[in-house]
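When the chains are written out, they are named A, B and C in that same order, and each has its own residue count from 1.
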Amino acid sequence: MTEMQDAILAVRGLKVDFSTPDGTVEAVKGIDLDVRSGETLAVVGESGSGKSQTMMGIMGLLANNGTVTGSALYRGQELVGLPPKALNRVRGSKITMIFQEPMTSLDPLYTIGRQIAEPIVHHRGGTFKGARKRVLELLELVGIPEAQRRIDSYPHELSGGQRQRVMIAMALANEPDILIADEPTTALDVTIQAQILDLLKALQTRFGMAIVLITHDLGIVKHFAERVAVMRRGEVVEQGTTADIFERPEADYTRMLLEAEPSGHKAPPPDNAPIILEGRNVGVDYTIPGGLFRGASTAFRAVDGVSLRLRQGQTIGIVGESGSGKSTLGRALLRLLPSSGYYRFGSTDISGFDRGAMRPLRRQLQLVFQDPYGSLSPRRTVGEIITEGLHVHEPDLSRADRDRRAIAALKEVGLDPASRNRYPHEFSGGQRQRIAIARAIILKPKVVILDEPTSALDRSVQGQVIALLRDLQEKHGLSYIFISHDLSVVKAMSDYVIVMKNGRIVEEGETDAIFKAPREPYTKTLIGAAFNV
Amino acid sequence: MISFILRRLASAVPTLFIVVTLSFFLMRFAPGGPFNLERPLPPSTMENLMRTYHLDQPLWRQYVHYLSNAVTGDFGPSYIYHDNNVAQLIGKGLPYSMELGFYALLLAVVGGVITGTIAALKQNSFLDFAVMSVSTIGVTVPNFVVGPVLTLIFAIMLAWLPAGGWGDGSLRFLILPMIALALPQLAVFARLTRGSMIEALHTDHIRTAKAYGLPSRAVVVTHAMRGAMLPVVSYLAPCAAALLTGSAVVETIFTIPGVGRYFVLGAINRDYTLVMGTVILIAIFVILFNLLVDILYGLLDPRVRHD
Amino acid sequence: MTDIAQIPASAPETRGRSLFQLAALRFRRNRPAMAGCVMLVLIGLFSFVGPLFSPHSYDQVFPSYVTIGPSLEPRPDSSTLQGVMEGVASRARVRLTEFAVEDQSFTATVTSDAPIDPRATRYFDRANEFENTKVVATEGDGRTLKVEGDVAREYFPFGTDSNGRDLLVRVMLGGQISIAVGLLASLVSLGIGVLYGATSGYIGGRVDNVMMRFVEILYSLPFVFLVVVLVVFFGRSFILIFLVIGAVEWLDMARIVRGQTLALKRREFVGAAQALGLTDWQIIRRHIIPNTIGPVIVFVTVVVPKVILLESFLSFLGLGVQAPLTSWGALISEGANNIQSAPWLLIFPAIFFVLTLFSLNFVGDGLRDALDPKDR
């Protein structure tokens, strides 16, 4: 009973429905949640679990085709079904929100100073001029340097982390009771993620508001939240203290999520394994072209003097934050973009090879992309997609042979061979990534470059894809270059790690050595941020 | 900002040059000429005429001659309207066309933006449906249907307004041609506004504004409208250029002494210089309004500020 | 729990629904768009098949029925026949003494001071109202003739124009020409636009720069006017009109296709195709073009009405197809000139014209909704 009285936000039997042309979709199926004063509650779930829609429903922010029913009591006041005018007295003042994409969540046409001032002016009255002092205070509070100058900046002039700080300043402006943070760090680099979470924690201690953290990332939750609610398919499957959830999970699903944290270890290849792909002093310049009348073009060095050797059966993990040049390096090694340096495949010097000369080698050097939605042509069937390479490299194959190969490849990646007549949009993200892998291995390649192959996937699916990649490597003796910003995945996949920053190698070495005893401060920050140590 | 304007004006020079050259040669390579009338002129008269207008000289010489005169603002004599040269004809007609076009533009923009916004805010309601149906009619019914129908109803049957002419230039004379001219553009603005407004209302930062409890007026006017105006502003340039340089159809139906008719009359009569004059006029308007709109765009959107 | 388990264990030869089939499904659910489709089919049938069922041809002149209003009653009605017959008699220089109409035939008695040449019956047949006139009896030394013949009944549900031509057939013919010009000109602009846009977008770099600068220059040419110039100077044949309009309308198409190509070039499946070793041409053919089809189809539904409007604008200026051929634009222009005396000349072609454009609009909106990837 005391628990009930403590709850400043009590959600009971909350339902969110969306009406679509194909019928009603139940996104949230009658859940109960309590948020207590000053605590941090984490709502954890994979995509489609309804965790965001719960909060959107309470805050009256659903899309036009969505309806919310049930009850959400904020300090005794019913929020569900409240007319907008009354709801507006709570939103932005007592309960505030920050969102996943700080870029699109801020209006690009107004200065950040004005946008932070808006909730102040609307809830407390006064003028924008009068609010300026308070806005400056807030900017300093959230750690924006040179607040005097930054206050008149536009969102596009700030970095992603700074924008999220601006959102936090806005959320704190009226000293709310509850701050709802909807995946606040997902769009940010790991080091920035850690800073933002630290900031939120510090501000919570100072102002004593409750935080509802919505996330898919269990790693964040462990060190940040006091209580956890695990959601799946619109229902809360388990709810309890963080310690209970992590140490004594009751629901199968929670256990599965916890075990989905990538684990395992890959043994390095034997020392005498031949070098299969080598790049020496790789450099890539991007030119930003000047127009006919717009003056000279500007160059920018994306990859700067990087060398690496990939042995047969080895997996090299390339780690770095966005803009570090890791994806560009991968493509340069495959000779897919103009680059300088020396390249060797097996015993062949391929430095001077043009597209035509590379073509016969392509079947042995394959690439798997991050976005399983973008890497499959939406207008071709799965069968057509995975056999496309066969048309190029084995043109003499009969239709029946191609079909047999497609069936074998689909079986190998764990998909129903009957699905080869379907189209990509009929598959889930994990299934699509399996299709992309099938397209690469059907050619029986020697080297596969994996460019963030698991980053767009839910944790539970990630684990399966990683297992599949490991299996295939063992079976076919593949060599991988595994590009990722996700250190836990890299740790599980690779036996050698290269850390990149601004186009250069910061540190490299055996996986164990790097993770156990990083030398460079940058590597230490990365690892610290990723594993919350 | 100043250097941006200067750079843009400088880049307009080659564009204008190409436009002039293209239309000059295109016209000359076509069969017929200004003096090929139904009843042929006697050879001596013909020769005289050709000499007076330098049409007997080689083409490249005529071209150089035309260009060097055009640079000084002399667009040559009209072959058909003997009493005036082209600059005078355009100078006489342009004020009428521009006045009418300005009112039509005002009506189209204000009317279109207001109806489009209302339709967007009440999306899928009866009001939305009504506004969109009417605007579809506006887009699909050409003004040479609207013009006569308006005349029939308001000038002939009800006799409220004059059927045509400029009269003393008072509003009474302008209303019907203004409506005929503005209606299709108004419909375009309404559709454009509705579309971009609906899109703007679904952006993340509108969600932010709502999440912070801003009153709906502030959400719509300060945040959604400003973003939604960007595509509308883009369309302003071609629309303004078209309306202000006169419409052949509306000016013919309502017998308005504007510049719009020249372009058709000039072409039909193969009045080379008059045609060239109107081409240059329209091209200048298009270039100028594109520049103005780009500046306006920069003021609205900090991401494309010109410096 | 695993994502593999979600594949339905269906029959081995399941065929998926392509995006196109899905779009078609969505389109079929869109009622206004389907109504627009049905309307377009009906108008198409009316224009192209209708003339086969009409007894009149588009250039057939009925001097007796100049500018008559629309009516479902057959012409002539009996009351006017007397007057018509008197007119015929006076032209044949005979006096009408008796005249009677019964059903589809008439009998008349005419007299004259001098013997009447039996060939005078020609005068009767010359009138649109009478046919098969023959002499049944001659009296008084040939000064009195009894003639008999059929009353020719003509139907003009839409009335006739100022030349006495059947407006119904004219509207059908106008539809043929307007629709044909709309489709053919759109095809021309589609061809040029897709080729130009895809080339410019895929090659990129300097070539793209120059090609797009050229388009910009063409944009600042007053284009409606250029069409006028071209049509005036090169003549007014049907083929030329749609060629010229098509050649003018390709700019937007080129821009759209270029934008699409640029966006597609950055998509990962094109990167994957390059990694597989496909040639440029294979990539354009298999990956670029199939994926630009959606927006291009939508845009065609915008271009067709635009072209029809442009053609009618030309006709209004007297630069359209030449008489006795006609188009809806030409008919509307003629109607606008006679709006006080014969409003039906404006009303009927305008109804068909507006209905067509209206339907195309709904079909276009429906296609956009059906093909819009955001909807997925």
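Quick note on the criterion: contacts are C-beta pairs under 8 Å (C-beta built on N, C-alpha and C of every residue); 3 or more make two chains touch, one makes a residue touch a chain.
Because the structure is predicted, anything quoted here is derived from the model rather than measured.
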- Closest chain to global C-alpha mean, per-chain Cα centroids: B
- Query: Across the interfaces B-C and A-B, which one involves more C-beta pairs in contact?
  - Reply: B-C
- Message: Centre to centre, using CA atoms, which chain is the farthest one from chain A?
- Response: C
- Query: Where the CA atoms of chain A average out and where those of chain C average out, how many Å apart are those spots?
  - Reply: 55
- Query: Between chain B and chain C, what is the separation of their C-alpha centroids in Å?
  - Reply: 28
- Query: Just curious, how far off is chain B from chain A if you go by their C-alpha centres, in Å?
  - Reply: 49
- Query: Could you say which residues in chain B touch two or more other chains, in rising order?
  - Reply: none
- In the complex of these two chains, what residues of chain A are touching chain B? 59-61, 63-64, 84-85, 87-93, 96-97, 99, 101, 104-110, 118-119, 122-123, 154, 156, 167, 170, 293
- Message: Per the contact definition, I'd like the list of chain C residues that touch chain B in the complex.
- Response: 216-217, 219-222, 225-226, 228-230, 232-234, 305, 309, 312-313, 316-317, 319, 329, 332-333, 335-336, 339-340, 343, 346, 350, 353-354, 357-358, 361-362
- Message: Quick check: in the complex, which residue numbers of chain B touch chain C?
- Response: 15-16, 18-19, 22-23, 26-27, 30-32, 136-137, 139-142, 144-145, 147-149, 151-152, 156, 245, 248-249, 253, 263-264, 267-268, 270, 275, 278-279, 282-283, 286-287, 290
- List of chain B residues in touch with chain A within their complex: 7, 10-11, 123, 202-205, 207-216, 218, 222-223, 226-227, 300-303
- Item | Residues on chain C engaged by chain A in the complex (per definition of touch) | 1-4, 6-7, 9-20, 22, 26, 29, 205, 209-210, 213, 267-269, 271-279, 282, 286-287, 290-291, 293, 376
